[in-house]
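One chain, chain A, appears in both complexes that follow, with chain B as partner in the first and chain C in the second.
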Partner chain A sequence: MNSQLLSQIQNGEPLAVARAITRVERGGNDARNLIRALFPYTGRADIIGVTGAPGTGKSTLVNALAKEFRTREKRVAIIAVDPSSPFTGGALLGDRFRMQDLAGTGIFIRSMASRGQLGGLAAAVSDAILVLDAAQFDVILIETVGAGQGEVDIAKHAHTTIVLEAPGLGDDIQALKAGILEIADVLVVNKADRDGANATAAALEMNLNLNPDKNAWRPPVLKTIALQGKGIGELADAIAAHQKYLGENHLRAKKEAARFNDELRELLQRELLHKKLQNVAAEQWQTWIDEITTRRRDVYAIAEEILNG
Partner chain B sequence: MNSQLLSQIQNGEPLAVARAITRVERGGNDARNLIRALFPYTGRADIIGVTGAPGTGKSTLVNALAKEFRTREKRVAIIAVDPSSPFTGGALLGDRFRMQDLAGTGIFIRSMASRGQLGGLAAAVSDAILVLDAAQFDVILIETVGAGQGEVDIAKHAHTTIVLEAPGLGDDIQALKAGILEIADVLVVNKADRDGANATAAALEMNLNLNPDKNAWRPPVLKTIALQGKGIGELADAIAAHQKYLGENHLRAKKEAARFNDELRELLQRELLHKKLQNVAAEQWQTWIDEITTRRRDVYAIAEEILNG
Partner chain C sequence: MSDTPIRVLVAKPGLDGHDRGAKVVARAMRDAGMEVIYTGIRQTPEMIAEAALQEDVDVVGLSILSGAHLELFPRVTELLKEKGKTDVLLVAGGIIPDEDIPQLNAMGFTGVFGPGTNTNDLVKFVQAEMAKRRMHNAQ
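Up next, the complex of A and B:
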């Protein structure tokens, strides 16, 4: 790999970093070679995941938090993972507001959209994190839309995971069902000037009390009004406290091991399938699918034939 | 397989059906044999996916819709896919309310939780659908929490996918970013007695206008108040209209082919990885992960070694 490009990325030059992320998004051998060159320079950044349902005010909070870290002399990057439709235009519009809000702050921001293939997205996000890590950003904020398992998988690979709630998103049972409490290191009730903020915070505390693992880190429940910047300093402090806890208990390495364990398994699955099917003609595959849709053979029987073939 | 059990399932006896779903959830050879025996009797049920963010009132709407189909002399089953935490207790509490609401209606309901492994959950849900299909349910409602890619993957395998919105879930851009519009066959603004219902419906219509494929089915945008049963008859009619459209345009078979295509690929991935790693000692795997976490080698380099090994 071009050593000038490598040093531009390592110096965090925005254009070089943006281009490198585009290359890892495209995948293939070029992406692999890039990651191979950058990987030895990674491992220093604090990776912070922020997740929660639509309407909790994630983007506003992430922007405010990024600015707070800037005032603390940190170099900050944001990856906004967005399973947007290619035709809604929502992402584009939302991005434009954000970009304006961050203009002149020196904060690097990048949107990554799924375009339907989640395996590919998760891998691309992982590789983009490595690029930003090698580019010497101190803090990498990974923001994921939605409370689905796919987004949770991405957020859980962060060193510190922040789960957002907001009052008035429907009945509490529903909100808690989102099932992301167990991955939270810090819980935030945003839009805390709304009715019901205290009730939402109390419901979260109650749920934490049900956690049988009493020796583990207990996620603090914080209230913020991100739009007014309220509570953001406290949130940054809570994140720092969690990072300290990770370091003191040798848990940062454990989190990294879990992240790379999942990445390796997913990469192997994709590669193995690709290899297995590369000599299968499209007509043959279609015949198999037809056999299933017409109920002549089931999925397991076809899989057996392919695996033994 | 026991022919008495087979006929009990085919007669839709609730206990036999529930036990069969437990068996497919456990996976393994027993699950495969069960699916193999039932598969020839599947393909008749209408599979309807319902998805949307927390707070949109999915469970209430699904219950109301199930009852509406009952009044239309349909046999109805519900699968509530729930990525709940094992320790929040939210699912359990919510389920109890639902069960009471459905008591005596003859509607079969089953919750399926991810417990962390989405691949496994998607496969288990697919197999549970086959069990219910073989058990001669006319309508199978698949309800998924959240707007994440994983949930979308499950919902998109339905013949008809309903996407729920509700007014007041935060700014419209955020709500539309959920990125599930493109998989919707029917759009529903639930809680339509709230302020902003017309604006939410108008925003959805506007987004549909951006869809370049003018010849395709245009999802109707309906308003419901599920808690009062309002608009549920119209929703059932819209679903019936979509099913009719699928049949007339030979699209039902196409949807089934897409579903089984994805299922077959995912099954092959899991099996290939399992096969590849069955002779890898845990210590060897740990050594590889250590090499990655200490940045001596990257994920791609380790994968290459395993694939060539």
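Up next, the complex of A and C:
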């Protein structure tokens, strides 16, 4: 990569940063070379994830939170992920619609489609984070797709994960379930002006009381009304407190290790799959699928043939 | 390369508050496999240009019903040029009198689509234009 482009990205020039993200989304050798050049300049940014069910107010909260960080003199970038259609591959990326306050503030917003990736993010999110990190943003806010109970990939990427709830979505049994609530470093009951906000917060607190490790970080449960900016300063403080906790307990490095452990495994999976399938003709593949659907052979037998081939 | 989804920004500059047409267009493009960034109504030219730049879109689609297209559209194209975002296909829609179309074409709006447009025609137009551009860039 030429040094001019590298310095443009490092200076956070929007055109260069935006194009670099397009290149990592496209993948291939070009993306690899770009990441190789940028990687030594990463590792500085605070990565904050925001997740929660559709309609809990993630985009509106991110909008308010970004403004709050801006007043605290931070350079902010946002990655907002929405789902791709499993049928057409198309996507309607509507998060930006709720972030109109941020226009002209120097905050960089990028919408990404999940492009078939499960887990609540897009495959290129990790590389897009690296681009924004190299572009010297202090804070990178990542908004996941509207998550269900099991979309927990964000916790592998973020230093601090915020899980949003809204009043009236479930009872105290929902709060006991494994999955998304477990990944929270900060729990937020948004739309707190609605009925049931206190009950939702209480159910979350009760669940936290049952955590066996009393010395571990206890996620604060905060109430916000993101649309009015209420509770956002307290949320930013809670995030700062969590980051301080990570630093004091050498947990940030541990989180990074877990993140790259995961990334390396995922990369290997993709590459090995590609390597094994690149010389398989489409007709051969179709034959295998036919053999399976007609019950002549099973998926394990075919997989073994491919792995040994 | 050609299987990279086409990225489109759909925005409504100006003050008219009716976005049904823009939403229908956004949905049709989504169903055609494109990635559509929908920013909605009351967008200033500055907001549109900034979004096009950050999102690195291939296509900017502007919808307008208020009649202010000859004031607002050139401002968008100027800002895009200023910011160096020159590789974008510009498409306009809404209530636009026929006699204004040559002027919009001259500003760089390759396609201008009025009321009653079949969304299939719009989708085909964008796909064909993008195929041309990507072929050209690959050479």
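Criterion: the second predicted complex is superposed on the first by the 273 of 309 C-alpha atoms of A that agree within 3 Å, B and C clash if a C-alpha of one lies under 4 Å from a C-alpha of the other, contacts with A are read in each partner's own complex, and residues count from 1 in each chain.
The rule is short, and it goes like this: a residue touches a chain if its C-beta (ideal position, glycine included) is under 8 Å from a C-beta of that chain, and two chains touch if they have at least 3 such contacts.
If you're wondering where the values come from, they're calculated on a predicted model, not measured in any experiment.
Colleague: Once the shared chain is lined up, is A:15 touching chain B (first), chain C (second), both, or neither of them?
Modeller: second
Colleague: Once the structures are superposed on A, label A:42 by its partner contacts, choosing first (chain B), second (chain C), both or neither.
Modeller: first
Colleague: Thinking of the overlay built on chain A, is A:54 touched by chain B (first), by chain C (second), by both, or by neither?
Modeller: first
Colleague: In the superposed arrangement, does chain B or chain C reach more residues of chain A?
Modeller: Of chain B and chain C, B contacts more residues of chain A.
Colleague: With both complexes superposed on chain A, which partner does A:200 reach: first (chain B), second (chain C), both or neither?
Modeller: neither
Colleague: Does chain B (first) or chain C (second) touch A:100, or do both, or does neither?
Modeller: second
Colleague: State which residues of chain A lie in both footprints, the one left by chain B and the one left by chain C.
Modeller: Correct list for chain A: 84-85, 88-91, 93-94, 97, 113.
Colleague: In the complex, go through chain A and note every residue touching chain C.
Modeller: 14-15, 18-19, 21-22, 25-26, 84-85, 88-94, 96-97, 100, 103-104, 108-111, 113, 115
Colleague: Which residues of chain C touch chain A in the complex?
Modeller: Residues 1, 4-5, 26-27, 29-40, 44, 46-47, 50-51, 53-56, 83-85 of chain C touch chain A in their complex.
Colleague: For the complex, which residues does chain B have touching chain A?
Modeller: Residues of chain B touching chain A: 32, 35-36, 39-40, 42-43, 53-59, 82-91, 93-94, 97, 113-114, 118, 121, 145-153, 166, 168-171, 173-182, 207, 210-212, 253, 256-257, 260-261, 263-265, 267-273, 275-277, 288-290, 292-293, 295, 297-303, 306-307.
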